[in-house]
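The next block holds one structure in the form of structure tokens; read it before the comments.
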Amino acid sequence: MSNKITGLFSDYVAGRMSRRELMIRAGQLGLGAAASAMLLNQAQTKAMAANFDWKKENGKAINLLLNKHPYTDSLLMQIENFKQLTGLKVTYDVFPEDVYFDKVTTALSSKSSGYDAFMTGAYQTWQYGPAGWLVDLNEFIKDPAATAPDWNVGDILPGLLHSDAWSGVPGEVLGGPNAKQWALPWGFELNSIAYNKRMFEQAKVDPPKNLPDLIEKAVKLQTDIKGIYGIGVRGSRSWATIHPGYLSGLTSYGGSDFTVENGQLKSAVNSPQCKAFTKLWIEMIQKAGPKNWTNFTWYEVGNGLGAGASAMIFDADILGFFQQKGTKEAGNIGYEGFAANPDKKEPTPNVWIWSLAINAASNNKPAAWLLLQWAAATQPTLFGATKADLVDPVRQSVWDDKGFQDRLKEKYAGYLEQYTASAPGSKIYFTPQPLFFNLTTEWAASLQKMYANEVSVDEGLDKLAESVMGQLRDAGIVK
Amino acid sequence: MNGKSVLRAVALTVIGLFFLFPLFWVVLMSFMTNADILRIPPSPFFTPTLHNYTALVSGELVTNVGTQKVTYMLNLFNSTVLSAFSVILSLILAVPAAYAFARYKFRLGEDIAFTLLSFRFAPPLLVLLPLLLYFQSMGLYDTYFGLVWVYQLITLPLVLWIVRGYFEDVSEDIELAYRLDGHSWLSTFLRISIPLARPGIAAAALLSFIFAWNNFIFALILGSSRIQPVTVGAFAFVTASAIEFGQIAAALVFSIVPTLVLAIFTQRYLVEGLSLGAIKG
Amino acid sequence: MSTSGVASMSARPVVRRRRARMAGALPYLLSMPALLTCIGILVPFGTAIYYSLERYNLAFPATRGFIWFANYISLFRDATFWQTVAVSMAYTVLTVGLELLLGLGIALLLWRRTLVTNLLSVTLMLPLMVAPAIASMMWKLMTNADFGILSYFVSQLGFPNFRWASSPHTALFTVVLVDMWVYTPFITILLLAGLRALPRQPFEAAELDGVPGTFVFFRIILPMLMPYILTAGLFRMLDSIQQFDIIYAMTQGGPGDTLMVFQIQAYTQAFIFTNIARASAILMVLWAITFVLSNVFVKNWLRLRERARGRA
Amino acid sequence: MPFLEITGLKKSFRNHEIIRDLSLDMERGEFLVVFGPSGCGKTVLLRLIAGMLRPDAGDISIDGQSVTEVNPEYRDVGMAFQNYALYPHMTAFDNIASPLRSRHVKEAEIKARVNETARMLRIDHVLDHLPKALSQGQKQRTALARSLVGRPSVVLLDDPLRNVDAKIRYEMRFELPRVLRGFESTVIYVTQDYKEAMALGDRVAVLVDGAFRQIGSPLDVYDVPSTMRIARLFGDPPINLVPVHPVTANAGIEINVAGATVRLPPDGADFAGRECMFGIRSENVAVSLEANDGIPVTLDAITPLNNRVVMLLRGAEGTELFASCPQGGPMDRLRGQYQAWAKLDLAHAHFFDRGDGVRI
């Protein structure tokens, strides 16, 4: 029986049978859709082995450090296939996101070989890379012996791949000529609007076109509908407050964190564009934001939308994606790409990229690379995107995949459109420099002060710029 | 009922409300679904579900984004082992020391006592990174032994200073009397001093157990996920897709049980013992 | 009386063994194991001191080097650092002070042993059994403007715009409240234990209605309770000045810099900014302050002990 | 050879000398009362003998063996504490049995001996009570029983009757000697009450400022106090002490007491010209209201004491004197002030050096 089944799927993978036919035959063998999917996945994994020796590290063992996250769930669902494919022993440590990066930083700083590969964000690599804790993945990507010919790095969205590559020279553009590929994009989030259709219909407004429009509509929404607030955005005293909506909007208004003049970083947080935008931003929150904005993290923003406390959010698209299931407002969530600047049509969303990286102290780098390569390969990514929540996937081919598109159309109406609108302009808009967290944390703190009217926007941003330059000087980054 | 006792009753009620209502609400939440918890305005009326608890026990948590593995029972086990052994070790080490400081005025005595206390105020963050390095080189990383050792920083000073006070309250004459009866120093210590200081020892044991139980930074940095306590375990319900408040509430309720049992057990000693505490000479 | 008794006695050979030589060493033998067990920690502590004298940011391995007290100097020149000192002190004084008062009050209320008080003395311990980190998560939810039961109550009481931890004006109040909720039971337990350890006779009268008169309280109970109060206060102070879990979970040190206490400042420096040197310097200052403060406590504690001894 | 021998004992705390050069010899089975005012060093002395403190100098030996270096549990010394020091978590029975248990005596015999001792002290009915359930008297007897049951070669009783009510104290004065005789122990009994000292001891040792100032039979100490201090400590009402300046006059020695000249009997030692204290106990001062002989005084007040009446006399220069006489005399019913004459029985007069207070 089992041979019959596996035979069936390998036939399909080998192209000796149509997908329709496969599903019928599978049905006859009494397999549910889910089960068939697993088997198909297995068969396809085997197929990967056809033209590349995945078994070259056979018998070795690798240990992973992972963050509790839907992406991780998707990886672990398929991990058995990877073991079969490579003959590697795989163990893993999963830590809650609240404490995950504390664990990563300490583990890496101890230079122990305990973990071979781990999850990281792109911003963290700006610390880990220069610290010498990461491996330049180009060694492997560019080495035909190490990477499967059909792996097709070109299929990974270039903006993301570049965002994970940096030369280590402060201010030098991401993915530049002598950039090192510190990490491999695995799944990502871009920032756009997710809104509550029910409320929008009730208040007879359609999705906002730009920031002034958004403020207006947000105010209307919360005056028309009792007990809600117009717009949810993050506001806690953390770097995480800056990178989603705020920086995306700032970019749209032509602002940036730094300007680079002949190789020298110069803080631009107090540029006219930046001040103009920040004034609007603070106004937006004061007029239509949540009461306890300064406590707002990813979770409060999400809960607000999901539980119908907020009419819309300007944050990661997948945050809206998650609210579409199992929440009070499930099914009412709509998605919209967003360009804050009235004079701009194309959204310029900043992105967060969950990536995989290899510990420089690892003793099994080639084995670790096999895992990275596999995790970001077309097939497991597709599986994750369709059968789990590896959304947004980093491969163009997956976005083009009919199955994935169907899934989105079915349950997440408007998500695909939102993505297509946002994707072209989406990348990391921060200037890479190792004091990223110092800057953004302080930035968040001063936004909070402006919100409480303790300082004016102008004064706050001037102070911030000053302090940032001071720290860059102390660190010897600028003269 | 005179005015004073009315006042007393009122005071007790207010205090009871302040300390117990939040817990009461948490218990309610532990029987709610996340959707029930995130209602506007919050309401105590809902159709209770055991889902949160069953998920914790079964280790299978079904959420809006598929099924997740829950290791909370393991965390519970870890916390129990770590706290229990830390307290036991602290008692073995600190009770004799406490007796020494209470009974004998010896050279450097107070200095040693203070040094032992000062371990309590070395901020964990300060020693964590170096500690990690040494633990890895000594092979203590990710071992219960290593953690129990580090936990002494939390539990030992507490036991030492609380118990010391009680020993000082035990009358020297009673010990002398027992010695004169022909008993050795050791059996005097075991059969007189310790039983008479038992309320203090019970209180110290309970409190240090609680402090060990509530700590998590040490285990987080010095261990893998297989050795993490409930504190870290509870964070696992805070995921990118949602905060599972119901789970956290249930986890919180679970995490109280062992300590509560210990508290009820020691309460007997507290009450019984305290009536014979402070038998001053 | 039976002569047989006498006979058996005089028959007993009286052996008088010599005193063990180690008699004088006994106290050392008793305290050494504890000391040796903890002394291991001094090694990392020393390393940390060294870090605080370096330029050491994990992200700039190249620039690492020994710079004597530069970190401390830059700290003392930094206004936000003094803000940190001020906030930490305010937080410590508020929490320890209020908790001592409340804890003492509760202990007195629970002094008289009845079914109710016995029950309460256990149940009132419950908050202490909840890890502060998790408790704070719950408090954050309960004070959430939309879903929070407490916010709901407060708004029903006519304060719909009470912002709890999210407003710079009420943030300190909120975290102190949570701290009191979590840690007052700690004080109550210790003081209740001490209270019940007092010789009862003097207070029989006072205890009749459970609450002692002011004279008895100030002249007898308080002095006798002082050592316990100091012990409890000491350990609360040690934890309070190093508070992290509650504040971080509730506000991450915000809004603005309102609650940037030592540990949060240090945590941010070490784990977010990977600036180990600065974090170590901050924590060394914290350590020094703690050292001085606890010295005061212990000195008084010993003095009181001596007096108690004199009385005994 | 003495059974308990203490020689040149010294002990000081923080260079404050508590016991200074103290020596003592006791025969086997002797009952010695150590009498001294509070703070005279009694407790320290007992702790030294018991072995809880180590002397700075000197030696303690029991039955010919030095025990200075011996741990308390090996000294075979029993002690009853002023505050009883009962083990609050053990029943009266276990309290008393403790010394026997330490010697692994068989349970059966322990039971027998404890009951026997308890019966002797009439506490056999409360043996299963915890100390907190015992009356003061029962506690005190339990403590006593515990110190005796093991029949130690030396028994130390630290003011055992201090904290019990008058009735029990009175009973015990008779009972103790009987009980102790039964145990044949050598007993050191510490008390602050001179009547107890008089009532109980074969010998009384007066401990003042960390040394024995006088050791002798109760009567010796009363009649021939070796110092002014001791003379004061014994006796109720306290002995009369008057500063005098003896002068040689018409072939004899005269002193001036209360404004009157008193001529000393010729056999009196020659201490003319020495500044000294003249001491005389109240019972040696006779008072008469009529006969105009003796020292003219005002009889100020009269109070009955035990079976005597005590009179307060005021002489010229306001000197106050106590006099006492058996009840049933003419004095009993007197109230208010009277003119009277006091007659001193100079045979029982004491003279002390006014400087060091030593008897002359």
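Every chain is named by a letter (A, B, C and D) in the order it is written, and numbering of its residues begins at 1.
Just so it is clear, a residue touches a chain if its C-beta (ideal position, glycine included) is under 8 Å from a C-beta of that chain, and two chains touch if they have at least 3 such contacts.
Values in this document were obtained by computation on a predicted structure and should not be read as measured data.
**Student:** Give the chain pair, either B-C or A-B, that is connected by more C-beta contacts.
**Tutor:** B-C
**Student:** By mean C-alpha coordinates, which chain is most distant from chain A?
**Tutor:** Farthest chain from chain A, going by C-alpha centroids: D.
**Student:** From the mean C-alpha coordinate of chain A to that of chain D, what's the distance rounded to whole Å?
**Tutor:** 94
**Student:** Would you mind pulling out the distance in Å between where the CA atoms of chain A average out and where those of chain B do?
**Tutor:** Taking the mean C-alpha position of each chain, the two centres sit 39 Å apart.
**Student:** Rounded to the nearest whole Å, what is the centre-to-centre distance of chain C and chain D, using the mean of the C-alpha atoms as each centre?
**Tutor:** Spacing between the chain centres: roughly 53 Å.
**Student:** Using mean C-alpha positions as chain centres, tell me how far chain B is from chain C in Å, no decimals.
**Tutor:** Distance between chain centres, rounded to whole Å: 14 Å.
**Student:** On chain D, where are the residues touching two or more other chains?
**Tutor:** In chain D, 71, 74-76, 103 touch at least two other chains.
**Student:** Residue numbers in chain A touching 2 or more other chains?
**Tutor:** 102, 106, 109, 303, 307, 309
**Student:** Of all residues in chain C, which are in touch with two or more distinct other chains?
**Tutor:** 146-147 - these are the residues of chain C that touch more than one other chain.
**Student:** Can you name the residues of chain B that touch chain A in the complex?
**Tutor:** 34-35, 38-41, 63-66, 68-69, 128-129, 132-133, 136, 141, 216, 220-221, 224-226, 228, 232, 235-236, 238-243
**Student:** Contact residues on chain A for chain B in the complex?
**Tutor:** Touch list, chain A to chain B: 68-70, 73, 76, 93-99, 102-103, 106, 109-110, 112, 114, 227, 298-299, 302-303, 306-309, 318, 322, 325-328, 330, 388-389.
**Student:** Which of the residues in chain B end up touching chain C in this complex?
**Tutor:** 2, 4-5, 7-8, 11-12, 15-16, 18-20, 22-23, 25-26, 37-42, 89, 93-94, 96-97, 99-101, 103-104, 106, 109-110, 112-123, 125-127, 129-131, 133-134, 149-150, 152-153, 156, 158, 160-162, 165-166, 168-169, 171, 185, 199-200, 203, 206-207, 210, 213-214, 216, 230-231, 234-235, 238, 245, 248-249, 251-252, 255-256, 259-260, 263-264, 267, 270-271, 274-275, 277-278, 280-281
**Student:** Where on chain D does chain B make contact in their complex?
**Tutor:** These residues of chain D touch chain B: 47, 50-52, 71-79, 81, 83, 85-89, 98-99, 101-103, 132, 146-147, 150, 152.
**Student:** Applying the document's contact rule, which stretches of chain C touch chain B when the two form their complex?
**Tutor:** Those residues of chain C that touch chain B are 26-28, 30-31, 33-35, 37-38, 40-41, 43-45, 47-48, 51, 102, 105-106, 109, 113, 116, 118, 120-135, 137-139, 141-142, 146-149, 152, 181, 184-186, 189-190, 192-194, 196-200, 209-211, 227-228, 231, 234-235, 238, 242, 244, 262-263, 266-267, 270, 276, 279-280, 283-284, 286-287, 290-291, 294-295, 298, 302, 305, 308-309, 311-312.
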